[in-house]
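This structure is in structure tokens; I'll ask about it shortly.
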Amino acid sequence: MPTKPSKELVVVANPHPDRVYDVEMRCPEFTTLCPMTGQPDFATITILYQPAEYIVELKSLKLYLWSFRDEGHFHEDVTNIILNDFVRAAQPRYARVTGEFNVRGGISTKVTVEYRRSEEPSVAG
Amino acid sequence: MPTKPSKELVVVANPHPDRVYDVEMRCPEFTTLCPMTGQPDFATITILYQPAEYIVELKSLKLYLWSFRDEGHFHEDVTNIILNDFVRAAQPRYARVTGEFNVRGGISTKVTVEYRRSEEPSVAG
Amino acid sequence: MPTKPSKELVVVANPHPDRVYDVEMRCPEFTTLCPMTGQPDFATITILYQPAEYIVELKSLKLYLWSFRDEGHFHEDVTNIILNDFVRAAQPRYARVTGEFNVRGGISTKVTVEYRRSEEPSVAG
Amino acid sequence: MPTKPSKELVVVANPHPDRVYDVEMRCPEFTTLCPMTGQPDFATITILYQPAEYIVELKSLKLYLWSFRDEGHFHEDVTNIILNDFVRAAQPRYARVTGEFNVRGGISTKVTVEYRRSEEPSVAG
Amino acid sequence: MPTKPSKELVVVANPHPDRVYDVEMRCPEFTTLCPMTGQPDFATITILYQPAEYIVELKSLKLYLWSFRDEGHFHEDVTNIILNDFVRAAQPRYARVTGEFNVRGGISTKVTVEYRRSEEPSVAG
Amino acid sequence: MPTKPSKELVVVANPHPDRVYDVEMRCPEFTTLCPMTGQPDFATITILYQPAEYIVELKSLKLYLWSFRDEGHFHEDVTNIILNDFVRAAQPRYARVTGEFNVRGGISTKVTVEYRRSEEPSVAG
Amino acid sequence: MPTKPSKELVVVANPHPDRVYDVEMRCPEFTTLCPMTGQPDFATITILYQPAEYIVELKSLKLYLWSFRDEGHFHEDVTNIILNDFVRAAQPRYARVTGEFNVRGGISTKVTVEYRRSEEPSVAG
Amino acid sequence: MPTKPSKELVVVANPHPDRVYDVEMRCPEFTTLCPMTGQPDFATITILYQPAEYIVELKSLKLYLWSFRDEGHFHEDVTNIILNDFVRAAQPRYARVTGEFNVRGGISTKVTVEYRRSEEPSVAG
Amino acid sequence: MPTKPSKELVVVANPHPDRVYDVEMRCPEFTTLCPMTGQPDFATITILYQPAEYIVELKSLKLYLWSFRDEGHFHEDVTNIILNDFVRAAQPRYARVTGEFNVRGGISTKVTVEYRRSEEPSVAG
Amino acid sequence: MPTKPSKELVVVANPHPDRVYDVEMRCPEFTTLCPMTGQPDFATITILYQPAEYIVELKSLKLYLWSFRDEGHFHEDVTNIILNDFVRAAQPRYARVTGEFNVRGGISTKVTVEYRRSEEPSVAG
């Protein structure tokens, strides 16, 4: 039974909601399409967050990142979109998304975007 | 005479209780079971702490980490559980537990949890 | 003007056909689909060959490797298919294709396939 | 639905049985028990083989390596056992199993065992 | 149709102008001429910036860095010039340019120059 | 004429006593005995200090570290003892001793201890 | 007084002409132009040779490699040209030129070309 | 109950005596004394062997290598002595001992010694 | 025409005197003599500074570092001397000199010395 | 009492003259002068040999390599000279000298020279 890509990030209850702690998930298998040329782009996406009420289920993150495979996005935009989607689903205290894009035209690009819930102090780790 | 896994973390008197200093123990041989699939998970567990009255005996830490071998735990949960058990046994000034879990579904996960005794200033090293 | 993936490997005349020499092309951006689950697989494909009358044009190789993006193949099979296609197009003295596939189920897989024109001696470099 | 460890290595038809080629599978998540002390041992198992009529299905290899988790074996013995089981199931032209066992008593141990079908010439890659 | 080097850095609208985030572009293919000896110099140029209204188009950055190929510049000067040109075109919140120049006379040189819009707080990542 | 281990750390006048600066000495050849089992332990000892009136003579440090070869000490204790001895002899503005002990029972241990003369500000480098 | 690029490779008498030995010179600062697009290409050129009557003067090799800066060449061709020029000037027993070209279109290319004087046995080191 | 160093290498029956295979044991914790100065020397000892009737028990190897701690030996001599002792105890088909000694006087030394039973063909792995 | 070592550090006008920026020069080819034994010592010298009115000319730095080749200096002293000479010549806002000295007696030594013009804020990069 | 550089390589009796074995000594602290410019050159010298009747005393090798400090030599020549001197003193079965010279003009150079006593078979390790 083949699985399918999905835009839905599934969350479950954080088993330790009272503690501020870090979860970092690193996926070196992100690919999307260049909106100018239609050619594939490749990146490593790293998401570091501090959960509040929810933690993000790992398998749904895999399906979520897969969902960009056939879409066209600029590097700066897609990194922001992932952060926005992640924050909407997980409602974390803090989140940071890093996209490390492979060399194009002799230049590699790394985009780092972060979110902090307004009432939160600075990141722990 | 075979040894056995144990949930008991043995402590001994800290020979230098007046000084704030760091002890970091790194174990790349942690394994547990996935509570969803029952399949083995593997991680490197690193415990950094600042002892107060006690230091943790190294052999008992080995047996303690071994005790998770046949249990099912989620990544975020087990890292918090190890911190809680460690703090209860060692009653340290500060403790931080990091679990670096191997790739599953193309994604690796690192969980970092910390504890600070309420009266303590920030970490030394 | 968007480019498109293509199964055609374009060759041009080898500027030094009388000399036996090695050309190695390494592409860490290969992706295909698992024929069992439909999920993306990722690999680094390395092609080492000794040209005879032709050398393979680099841009057409990029479009050729891209052409597997939406196809389903087993690791062992797709590495052999790339070698077969390459040999048919380039008609080299010697060719070796290596596919280094990312971790799945805690196991990484590397497939190495080679071809030697019957009248050729062993590889140079 | 939890999966289970299994001693059965599943094989499927080699899609390119006429070509001699290499398949290398590397699993850094192998664990067994020391038959003397009952304590866990950890190793990276690497299997390189040249398929004949069959190739080994990756998921069954994962379940097979898992099956040693609760068994007690010496380093030299378990590496040979894996080779024997693999050869019996896959009937390859050539196979080599390497077990790189973690430090015990300040010493790390690597065991390398190989098999060659009597009629085969030496390994390709 | 051959492309040409260009001093013009093309910018496009920042798709997320309200968020402070980092973009880092690394080019290991920078070359210029030594103004004393006329001999080629080689460097890796890294540009980290926090976009405001604009982001810099990657291809134009490639053509811009190419434009130094036949010019003569001292290490300290050219790194400052790149920052000045970048700030003028991109009008970022923050920008930092690093030039890591290859060994000359047994000594390697790294120049780091930064700009911060007067009203901005300190860098995010 | 054989040299001998010695507990005496020889100091000489700091040639630049008015400047706060760092001296770091790293010795990967430290060995002592486990007080429980009598078996050898191995560590890398790193001493970072900011000299005041004195600097420590390198050869005497070698003989001093050698003096632990036949003594039995716990990891946490011996690192503190080295700091205490060093501070007593060198009377530095600041000193930090790190002991990185080799794997025992699958776990490596790093102990970091520091001293600051009460009137000193924080470390320079 | 500025130096100039030059196609002339200067040789001097081999001080040990009776011994077969290896000289390897590695230059990570090679750049040329793509004959299709006119854009710069970058490579590391490594020359390994066994001198006969002559050795190649290092400074002239630098000027020689510089001479390709404004010329257009395909990867496979320029590596062969360097070997041909080197063999003509140095008349070595053996020579091998390797060109490791930077990523273009997600693919890096390495070209290895060798020459052996007909009466020579195989390479020493 | 403290353990003691011992010159006796304990062997047990090889569970797979009919197969030629490699066992490599690496100990980075070897120390002895310089017979000239009496000062400690440090080395990594690696033993690769092909067992015949016996394999060497790991714990006894640890105690054996420990037995050199208070003895004085030259680098070349002690590496040969270890090989001789190992061959006498294990009676292997093949054995190779490598001693990588730490820097002394700005020079590091590596000694490699091997033994082959007269009737054996060349090493497998 | 042979060049000569020189104690004179040549400076030229800083082309961007109004900006605070970093210049780091790293020389792994520093050698001097031990004042006790007369034997050669070797180090990597790294100079990081923030220029004010002047920048230091690279070739003169090479000749300056060369000038220590036949002099005898202790590690701590020579690192301070280089900083003093550099500050006197370049009159920078900030300067830091690091000397990483090779292993002697099993111990490597790193000396870090810094200078800050009294009116300057803290270092940029 | 300062030591002095010396051209004399001291040998002592090989304690195991009947066995063919390898001794490799690596010195990253070799420096000489460029005979053209008079400027210092730096290299790592590695000597691998198979002793016959003699082994070379380590301290004398240090003094011997030191003796080149104030002499002018070309890379190819000095590597051959070291081999010739070594063979004359040690009269080994086999010897190989490698000189890895630091970057000059953007190019690093490695020279490998070997000697084999006419009656010897090929090298062991």
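Letters are used for the chains, namely A, B, C, D, E, F, G, H, I and J, taken in the order the chains are written, and counting of residues starts over at 1 for each.
Note that a residue touches a chain if its C-beta (ideal position, glycine included) is under 8 Å from a C-beta of that chain, and two chains touch if they have at least 3 such contacts.
Nothing here was measured: the structure is a model prediction, and the numbers come from that model.
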Tell me the fewest steps from subunit C to subunit G, where a step is a jump to a chain it touches.
1
Repeat of C-G among A-B, I-J or E-G, where over half of the residue-numbered contact pairs coincide, is which pair?
A-B
Length of the line joining the C-alpha centres of subunit D and subunit F, rounded to whole Å
46
How many angstrom between the C-alpha centroids of subunit I and subunit G?
36
Distance between the CA centroids of subunit C and subunit F (whole Å) is 55
Multi-chain contact residues (two or more partners), subunit C:
28-29, 42, 102, 106
Complete list of chain pairs which touch one another
A-B, A-C, A-E, A-G, B-C, B-D, B-F, C-D, C-G, D-F, D-H, E-G, E-I, E-J, F-H, F-I, G-J, H-I, H-J, I-J
How about subunit G: which of its residues touch subunit J in the complex?
14-16, 19, 21-29, 51, 55, 58-59, 61-62, 124-125
Would you pull the subunit J residues touching subunit G in the complex into a rising list?
74-77, 79-80, 96, 104-114
Of subunit G, residues touching subunit A in the complex:
42, 102-103, 106
Touching residues of subunit F toward subunit H in the complex: what are they?
2-4, 28-29, 31, 36-40, 42, 66, 69, 102
